[in-house]
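Below you'll find the structures, each written out as structure tokens.
What follows is subunit A paired twice: with subunit B in the first complex and subunit C in the second.
== the complex of A and B ==
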């Protein structure tokens, strides 16, 4: 089995702002191995989030392409949605939980899309929420949870379908250091327990410490890899 | 999807309230106007019924006195009277000449009252008709030519609202047109079956034409067509205004919910599934609006018109259909926007 999970080939994303063209991601060639924790670091506006979006199929490249488990990402919106549903878990800086739903329902949502029976989905969601330390917060809505707790719910939601790849965009960027540490610990645990691959865009040097590898991005280009 | 839609609706209480109210108002306006239109028709009809005093008219080229006597003896017929209804031309105008028995039982008003029949004023001025003058009217058919003198008063009137019509007594009519009667005016007993009676009359007189209460109803209804068009326009405007509110609310809501749309898309919801969530919300709102609008409409109709008999089941169905039509029409653009939203764009909004 090929050990490379993600490969980007000359991946480029150009935004047009008025008459100016800005390359947010500029001919990026990158390979990520299975079970790896990779961090993408760089200053604000260097293209970290855009690169994550392209890898996760949230955005389409201007040129180049992404190869996931040996296959090019599909181009149609619906196929990309199915791809994300099956293979990718997202964690965002601002948690991005649905405010209308409880923690349990937020976590259950990806399972519903996979048509997992409600009872099974319920059990699995409770199990993972307990795993991230929110066993007493099942029925709380996001507004009733702290930032750290919300991010743990978001992590649980990203992990619930056991996707092979987790893309995290500044997962600790909005948290205090204690909550940030808890999230990092969870990421490490999940990586070890479920052999999941993590690509994390971050400013946080602590995350780089737990990473297997880091790439530095500047003006949309990889300037160094360590 | 239903559960998710319901959660969104419960979470966005203001949107739910405003849209439901908009739909309810649309339904209320439609049903109120429908009741108004039906009430107007019904009242006109009742008035016509009282004034016309007969509810079945039988017409043929000619009826004999024996035929009329036989019809008068039929069970279920309260009154049957001979009459003549013909058209005559004076200069360029056609007049309906209606010849009725001088002491009609059907028409309670003493006959001479009907002599104040109406013609345009210009005619009176041109001919300088005096009440005691006499007009010679010549009736010409391929077979015969007959001239009678009619008192000018039957053609003269200050009132020009009523069409060109002159009522004369039956004897003069018989003399003028040379027939005993070509029309039988009938009041049917309320317990009698009008269709059975029609068949019995046909057995006596052979081929003939009937004009029934339903025909009169349809005529009145046709005359109310303009009002129906007016009602529809007003209703459409109301729904349009309510629809603009819904559109505005939906757009605001979708702007506000772009984050949710982005999240749903990032989890793996397809555009179609997101549209489905919104449509489900609209259907729920439509049902809520209908459940609120119909009882309120019925209550208001009862208060304003004092009866619910003017409201018809068909109007309720039309009201609901129209409200759903407008909701979906106005929701189309926001839904299209929601469908086309890019995930990155939606999620960027979260961070702004």
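== the complex of A and C ==
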């Protein structure tokens, strides 16, 4: 089995702002191996989030392409949505939970999209929430949870379908140091327990420490890899 | 789950939802009321026609026929329209002729009940007997007046007992007590059959029932001054045959019941057309209200849809969410609207009643309204670019 899970080939994303064209991601060639924790670091606006979006199929490249497990990402929006549903878990800096739903329902959502029966979805969601230390917060809505707790719910939502690839955009960027540490610990545990691949865009040096590899982006280009 | 999700979302903007539902509520009240009013008025106007001519009819440029003072049946013209009803029903209370069953009337000699068919004058009896004579002689044309009574028996009786003119049979002659026939106190008499006619009709105050085989004869009485002929067909399997027969035997245009009603409904066309315009405007207005509410809701929840897209929600699921929300909003307004509309019309306008059919129309309208009000918001939600929305957060 090929050990490469993600490969980007000359991946480029150009935004047009008025008459100016800005390359947010500029001919990026990158390979990520299965079970790897890769961090993408760089200053604000260097294209970290855009690169994550392109890898996860949230955005379409201007040129180049992304290969996931040996296949090019599909081009239609619905096929991309299905691809994300099956293979990708997203964790965002601002958690991006649905405020109308409880922690449990937020976590259950990806399972519902996969048509998992409600009872099974319920059990699995509770299990993973307990795993991230929120066993007593099932029925709390996001507004009733702290930032750290919300990010743990977001992590649980990203992991619930056991996707092979987790894309995290500044997962600790909005958290205090203690909560940030908890999230990092969880990421490490999940990576070890479920052999999941993590690509994390971050400013946080602590994250880089737990990573197998880091790449540095500047003006949309990879300037060094370590 | 989407219902729960939709409910939670609706709770976020209770005022907006309440106003939208109120708009739909008012529209549905007006729709229900106006529909029921126009339908009921039309029904009320058509009902007497249905009573007279039953479930089906033909109408020709026919004529009226009535019993004159002299006891004769003659065509009449003028203020009151009367009907010749041609029927194959077996229900004697309305009309008793079965065109496929020969019901002979036998004449017999008997003192009482002289010269009458259910109390009709001799002249009218003569009229029918003359026209329907199959065999034998008529009581009124006999020289020695020996034949003074009539009785009707079924054709099956005649057939089973092989009865023919000249036979003597026993019949139970009922006694008339307080204007009603009493067979219990009746008397068995020996009678001699002197004639038979093909007859199975009854005569009521405003109609005459005749076999259609004699229609041509009756029509010939007054070709030019006809008004209506109505056919009451209770056994639909004979309907086409009867109509065909009438077409063959008369020179009049044959119309179906639907055609008849559509002619009558012309008077309602103007009113109906006005009501339809009002209903269409209300329908468009309601759809626009729904469209506006859902569009605002989608715009406000761009981030939410972007998140749902990012976790892999497809267009179908997004459409389901928006449709569920739209249906919930519409159902609140519609449920209350239909109920209040019905309550309003039945309480305040007498003689108008809510019709079950209205409910189906309203449900249909609601579904169309929800679909129309959702299409564009769904399109907008599907077109949300998750990356752009989440990046701008």
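Operating definition for what follows: the second predicted complex is superposed on the first by the 226 of 226 C-alpha atoms of A that agree within 3 Å, B and C clash if a C-alpha of one lies under 4 Å from a C-alpha of the other, contacts with A are read in each partner's own complex, and residues count from 1 in each chain.
Note that in this section a contact is a pair of C-beta atoms (placed from the backbone, for glycine too) under 8 Å apart; a residue touches a chain by one contact, two chains touch by 3 or more.
Keep in mind that this is a model prediction, so the values were computed, not measured.
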Which term applies to subunit B and subunit C once both are placed on subunit A by superposition, clash or fit? clash
In the overlay, answer first, second, both or neither for which of subunit B and subunit C A:23 touches. neither
Touched partner set for A:113, first subunit B, second subunit C, both or neither: both
A:81 in the overlay: touching subunit B, subunit C, both, or neither? Say first, second, both or neither. both
Looking at subunit C, which part out of 62-70, 116-124 or 188-196 clashes with subunit B after superposition? 62-70
On subunit A, positions contacted by subunit B and by subunit C: 50, 53, 56, 58-59, 77-78, 81-82, 84-86, 90, 92, 94, 96-101, 105, 109-110, 113, 157
Complex interface listing, subunit C residues touching subunit A: 1, 4-5, 8-9, 11-12, 303-304, 307-317, 382, 385-387, 390-391, 393
Going by the contact rule set out above, which residues of subunit A touch subunit B in the complex? 50, 53, 56, 58-59, 77-78, 81-82, 84-86, 90, 92-94, 96-101, 105, 109-110, 113, 157
Of all residues in subunit B, which touch subunit A in the complex? 4, 7-8, 10-12, 259-260, 262-273, 342-344, 347, 350-351
Can you list the residues on subunit A that touch subunit C in the complex? 49-50, 53, 56, 58-59, 77-78, 81-86, 88, 90, 92, 94, 96-101, 105, 108-110, 112-113, 118, 157
